[in-house]
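What follows is a set of notes on a single structure, which appears directly below.
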Amino acid sequence: MSDAWLTTLITATPQEGFELAITLSRRGVKYTQPDVATLKRLRPAYAESADALTAASQVVAINFQTVAAANNYWRR
Amino acid sequence: MSDAWLTTLITATPQEGFELAITLSRRGVKYTQPDVATLKRLRPAYAESADALTAASQVVAINFQTVAAANNYWRR
Amino acid sequence: MSDAWLTTLITATPQEGFELAITLSRRGVKYTQPDVATLKRLRPAYAESADALTAASQVVAINFQTVAAANNYWRR
Amino acid sequence: MSDAWLTTLITATPQEGFELAITLSRRGVKYTQPDVATLKRLRPAYAESADALTAASQVVAINFQTVAAANNYWRR
Amino acid sequence: MSDAWLTTLITATPQEGFELAITLSRRGVKYTQPDVATLKRLRPAYAESADALTAASQVVAINFQTVAAANNYWRR
Amino acid sequence: MSDAWLTTLITATPQEGFELAITLSRRGVKYTQPDVATLKRLRPAYAESADALTAASQVVAINFQTVAAANNYWRR
């Protein structure tokens, strides 16, 4: 992928950090399956499976560990 | 999501930190499936599957690692 | 849950820390399925599945990472 | 369990640390299923499943992270 | 494998770090299955399974933790 | 196992560290299933399953975290 989508891990708030973790999780999928039409086709079944949603939340949690550490946990 | 639901990772006690980890885990699901009616429909089967409950507990454990580190493990 | 079940991550020994990790893992389940009767009903099949037991041990391992770090690994 | 099986995370060598990680992984199972006869009955099928063996190795890897950090990675 | 494919974990940007995490994830597969023809044969089904894509994204997330820490999170 | 197979986590290069992570992952399997003939029998099906290969890569990623930290990420 040639576009610049990740220039920093630093965010203003924990919530923005959590949303960056979601972006990282989706990008991890997109590097393996770059075809947007395929991803869209897979989405409905995926978003209706409790197991798939838990698995997605786990990837977000792992990426959020990274982003939170990068931001020194947004401690004042 | 436009509401501000995560303004800090700091909590007064480890138990509040654990409950924040649960919130983070649920938000990780909700970003993928924002439709509350769908989530409610999935819940009964989910909450009666031992495997699903263990998987949920694992996501909480990962998020609790983050929250605990943010709070320097609530050491005095 | 209104009861105070987690007031500190500090334990006297690594073994008590491991047992706290087990408590954390079970609490992670209980926040999703608070009904004790359901949990008791799920238990027999669960405790006879090698895959389920390995998954449970994994959640304990993740929580033990947190507790061990909190206790600075019980180094003297 | 009333016996003292974990008094320290410190080991003389990385290999002993890896073996401690295996002990931790097995103890994580045993706290959920304390009946040794059941565990012995589950073992044959388990030890012949590639997926189960990979899952077991993953739990060991997670526990080894903890033990290795406790020992400051056995750096001289 | 005799070729030198990993000489440093340091990258100029977080995005290059994420791409290195993808490389690490693929290498982890390739050490177990070095036959490129087999990998190519497995790919289509794999890239059309939502569960497989989430699992792949999780491995990337774990490797990205390592690369990000190595780069001190690309903090200025 | 009585042979000394792990005397240090320190390696000269990141690539050697990655290969040590692979060794750790395989040893984690071998402690559970020490019979080499069984492992050889399981291998073909295993190495042709995309899910199994991803799971194997995940264990390597977790072990690589440990080895990379031990080596202070091979920073100069």
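By written order: A, B, C, D, E and F. Residues from 1 in each chain.
Methods note: contacts are C-beta pairs under 8 Å (C-beta built on N, C-alpha and C of every residue); 3 or more make two chains touch, one makes a residue touch a chain.
In this text, all values refer to a predicted model and were calculated from it rather than measured experimentally.
Among the other chains, the CA centroid farthest from that of subunit B is the one of F. Our note on geometry: subunit B versus subunit E, Cα centroid distance of 27 Å, whole angstroms. Subunit A and subunit D have centres, each the mean of its CA atoms, that are 31 Å apart. The distance from the centre of subunit C to the centre of subunit D, with each centre set as the mean of the Cα atoms, comes to 16 Å. Looking at subunit E, one finds that residues 46, 49, 51, 55-56, 58, 62, 65, 69 touch two or more other chains.
With chains as nodes and touching pairs as edges, the resulting graph is a single ring in which every chain has exactly two contacts. Beginning with subunit A and heading toward subunit E, the contact ring passes through the chains as A, E, F, D, C, B.
Of all residues in subunit A, those touching subunit E in their complex are 4-10, 24-29, 31-33, 38, 42-43, 45-46, 49, 51-52, 55-56, 58-59, 62-63, 65-66, 69-70. On subunit D, the positions that touch subunit F within their shared complex are 13-15, 18-19, 22, 46-51, 53-58, 60-62, 64-65, 68-69, 73-75.
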